[in-house]
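Here the chain labels run A, B and C in written order, and each chain numbers its own residues starting at 1.
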Amino acid sequence: MTDQLVGDPAAGRRTNILDHLDHRTPGHSLPGALYTDPEVFETEIDLLWRRRWLFVGTVAEVPEPGDYLTFDVAGSSVLVIRDDDEQVRAFHNVCRHRGSRLVAPGNGSVGNLVCGYHSWTYATDGSLRYAPQLSPDIDRACLGLRPVALREVGGLIYCSLAATPDGDLDLAADQIRDYLTPHRLDRAKVAAQVDLVEEGNWKLVLENNRECYHCEGGHPELTCTFFPTWGLSEDQVPDRLRADHDRYLFAEADLMRRCDELGIPHRLVEDLVERPFGFRIQREPLDGVGESFSIDGSRLVGRLLGDLADPQLGRCTFHTQPNAWIHLLADHVVTFSVTPLSPDRTLVRTTWLVHEEAVEGVDYDVEALTAVWRATNEQDATFVRNTQLGVADPAYVPGPYNEAERHVDYFVRWYDAQIRSEV
Amino acid sequence: MTDQLVGDPAAGRRTNILDHLDHRTPGHSLPGALYTDPEVFETEIDLLWRRRWLFVGTVAEVPEPGDYLTFDVAGSSVLVIRDDDEQVRAFHNVCRHRGSRLVAPGNGSVGNLVCGYHSWTYATDGSLRYAPQLSPDIDRACLGLRPVALREVGGLIYCSLAATPDGDLDLAADQIRDYLTPHRLDRAKVAAQVDLVEEGNWKLVLENNRECYHCEGGHPELTCTFFPTWGLSEDQVPDRLRADHDRYLFAEADLMRRCDELGIPHRLVEDLVERPFGFRIQREPLDGVGESFSIDGSRLVGRLLGDLADPQLGRCTFHTQPNAWIHLLADHVVTFSVTPLSPDRTLVRTTWLVHEEAVEGVDYDVEALTAVWRATNEQDATFVRNTQLGVADPAYVPGPYNEAERHVDYFVRWYDAQIRSEV
Amino acid sequence: MTDQLVGDPAAGRRTNILDHLDHRTPGHSLPGALYTDPEVFETEIDLLWRRRWLFVGTVAEVPEPGDYLTFDVAGSSVLVIRDDDEQVRAFHNVCRHRGSRLVAPGNGSVGNLVCGYHSWTYATDGSLRYAPQLSPDIDRACLGLRPVALREVGGLIYCSLAATPDGDLDLAADQIRDYLTPHRLDRAKVAAQVDLVEEGNWKLVLENNRECYHCEGGHPELTCTFFPTWGLSEDQVPDRLRADHDRYLFAEADLMRRCDELGIPHRLVEDLVERPFGFRIQREPLDGVGESFSIDGSRLVGRLLGDLADPQLGRCTFHTQPNAWIHLLADHVVTFSVTPLSPDRTLVRTTWLVHEEAVEGVDYDVEALTAVWRATNEQDATFVRNTQLGVADPAYVPGPYNEAERHVDYFVRWYDAQIRSEV
């Protein structure tokens, strides 16, 4: 083992993460080191974040040829650009000359990709078009931008930094696409985007998202439309929430009926633990008027997405591991992407999408559209920060999950299995 | 040794700190690495800060049941709370569910301790009272808050993070208590508290406090009442300070007489080098009017502490290693706690306490009460910062202490001995 | 090797840097780890920055006895002071008592050097003059400030942190001095000094300075007078720059003639790859009026330096590795020193010097004097930041230099050779 350590620091790190995983208690929160140890974090970057499919954005952000977005994770910057032939492609955002970033973080639109340093110029298909004074002996064909694997599923864009990405997303895509297409992301536009850096490990961010056990006390705005008994089995519903839960069951039955009539899929598909692309998708009812994430549940955008006519389609909620959850409603879509910045800092990017022809100030108001999730995100950031401080405390002992936290347990098991499969 | 390094990083760190200690020159300042090396710092945390008794505050901060204070050190957060049965107890500030901090840093008052994340609720004695939807199979008795060792001595609260703390504080307490009780911290209140982060190693902060060799040039406000010949032997007093020193001797004799008449102990008890709870206590005169830390030495608080009638009681100065010094005067008490934040950052918390019935704006003015030590602390922070920069310089060579710095030497020897005793 | 690693972390680091150097492709930018790896950085500090001659400032900054400047690099602070006997000397800025910094960073003037902590007092020749209450048993002669090697060449001050500095600067000095002396730095003063922290590795800062391949697109202000074909061979000059280049050739011939008439040396001396003190010096023409770094090339200071009468002396450009480039013009001198702060942060200090009798507001305007290089530095800082981000990206692959970047290649080869010679 000594030799491994000297010869390959990554080998030592992998032994380290396995040690911690071997010490975890099933059904309990993870050992503290898995949330805090820089070596664990590096291993996660290598084994998960550089190998799994990551949600990076939607086609709505790159509608025209030359439109691009960037997605940064673990020192890599991925440039997603719509080619002149309308194909969405991804490249590493690194000039092949001396390595300068080609574009600054964010969205934009270009004719060609021109490096600001020495004017090396690439076409939107990544090929090197122009390099001033470069010796003719050098083969320009070898100096195109390095490609990144990309898949589009119902308007959602996923990338993988792996040289040979797993095929699991392709298998999952057929199960997912029909849930997404009614919302027509190809005819949507970005109404708002907010970046929030949460002061906690990325797994705490995911775990927090995987249960609504904290919603009743912690999210007053969200629980106006998000039924607080989410995740509870019948016998777990406390008396004080019984009326809410009965309303939920009624709303669910009504939603199922509407969807069936419209031919829109709604049934739960959940495969969170075993597969590399762990995911869960389901259409679920909203409380109140049942249309959108507002205080009374009424729609937030006058113009519905795509060709939808019925505003009461609840929320189609799509969760993909390790880094996304997305709510698709009749009037808007809200996507969340998670990227780890350090063991104790995580970026959550929230994007609200509306019909491309919806008019701000007429069809929707940005403040109102974003109010519930901005508040909810801030509340979650507080939970994550306080939990990060606690799990970093030497006195922390993993505690028991209960049934309402079973998706947290699924996530933790997925994480354990994925790490072990890649070591 | 290689195996140890691979198997146990702490073992390698301990070898490292011993190497540095073995290279120190007696009677000289410490080798630079002991102030700068992150491994040394980690070892100090493990061997000293997690094992010795640390001053965390006073009973004046938690007068009523449910009142609490927090003390954070090395990733641990200690929650000191007065129980409903009036007992002051300490717990780790970590929820037993998924680890969230229970209370934010600072002082406060609660009925029960309710975790903000999922509403797990603990009584003030640490027992788990309520955990929503927790399976009945789980033994709640095993999910109480984890206790931290606590001792109260004359109103001062000390905690130890050790599972089995040493018994030395209990032995020392009997030598100390009678010096403190006349000041009645149980009937005092906090008038002001200031946190200052000094940009230097915690040992530089302690060393700076252990000598007044720098007072004459460095602390114009303090030396109005703090005799600048503190720590000098008779033959070391320079001519220019002769008159000051003679005034000191006269004031000392007068103070001894007053104390003896009142039955208040004043004699030096000093055991700084050998014992785990290194300490020093003595009542010493103040210059000028001799009452308090003001410019002319007159009292700063109209209402004296406890039942004291004589304002001219000088300063009872109590120093405890590794993290406190406290001055108890007739009109107020000022406590200083030190906590290491990183190899080169240290928190100094200064708290001024007055009689609980003293009225701000009538009996005392906060600005005036705190002026001398706020200025002095800032001056010391500059000394510590400049010294940290210098001892981190590869050109630094430890220099000789002189007699006026003998308490610095005592501290350094205590540090050496304590590390060696724990390795 | 394991033993080395355990016994001597530096040995492991050196193996590491050699591994990276062994993997570099000649004629290509360096492997990414050489710009980002903290171990590489530490090794560079040990092998280059603590052993080579570093440019620290000019005699113009310390004209009178007691005047001093500081130069900080890698935790060392060097105090350069003019002694009472008019000699410029350098010392470590560390008190021999308990290690405090003696002077704060920056320039100043003192009678003696008095430590602010305990008033230990040193003469300007570094000897300990006074140490209050220091035991008479201690030999004060052993407690003088620790000296740093210093050389002055034509008014430029170089220091070396090495115990036994190499003799190469002394050899080079004779080749250099005559280029510098006409500008009389001993009769100059500082008109302005600007510190800029660039967010990139020090080698990227140097490499950026070593080519003007990026000037045409990147430095609109500089290329008013800095011919954009700098570094290009005849056959590389692109058609669109042909007129510029012809103007350059004409201006060069004219400048050579003037210099020869005045007896001022101008020919290229370049020894950038092999010697420890890699350097390049040459007098080159400026575009436009040909006098100074202004938009139209006209002089920026009415009073010329020293006894110069002809304002059209172009720029004498002196580059020294690892940390300086200096332009000497008839009306002013501008020096640049580079110091590494961390793997990805580098300080660039720019200093503008004018005749000591030039009057601000009359002979020169500081804004106008500094405008071109302030703008150019900011532009370069952007290039360096973007390149640092890119070379830190796992997708970065070193790309090919072309002929216009041959000085970058020389620098990289120098770096490789110097590291190998010191390991």
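Following the convention adopted for this analysis, a contact is a pair of C-beta atoms (placed from the backbone, for glycine too) under 8 Å apart; a residue touches a chain by one contact, two chains touch by 3 or more.
This is a predicted model, so every value here is computed, not measured.
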Checklist line | Interface sides of subunit A and subunit C: same vs different residues, half threshold | finding: different
Next item on the list: Could you work out the angle of the rotation that brings the CA atoms of subunit B onto the matching CA atoms of subunit C, rounded to the nearest 5 degrees?
Entry: 120
Check: Any idea how many Å lie between the Cα centroids of subunit A and subunit C?
Finding: 47
Margin query: Going by the contact rule already set, what residues in subunit A reach two or more other chains?
Written below: 2
Notebook entry, point to check: Which residues, counting only subunit C, touch subunit B once they are in their complex?
Noted result: 2-3, 6, 50, 74-77, 92-101, 116-119, 132-135, 138, 143, 146, 161
Next item on the list: Would you tell me which residues of subunit B are touching subunit C in their complex?
Entry: 1-2, 5, 12, 29, 32, 207, 213-214, 217-218, 232, 236, 238, 382-383, 386-387, 389-400, 402-404
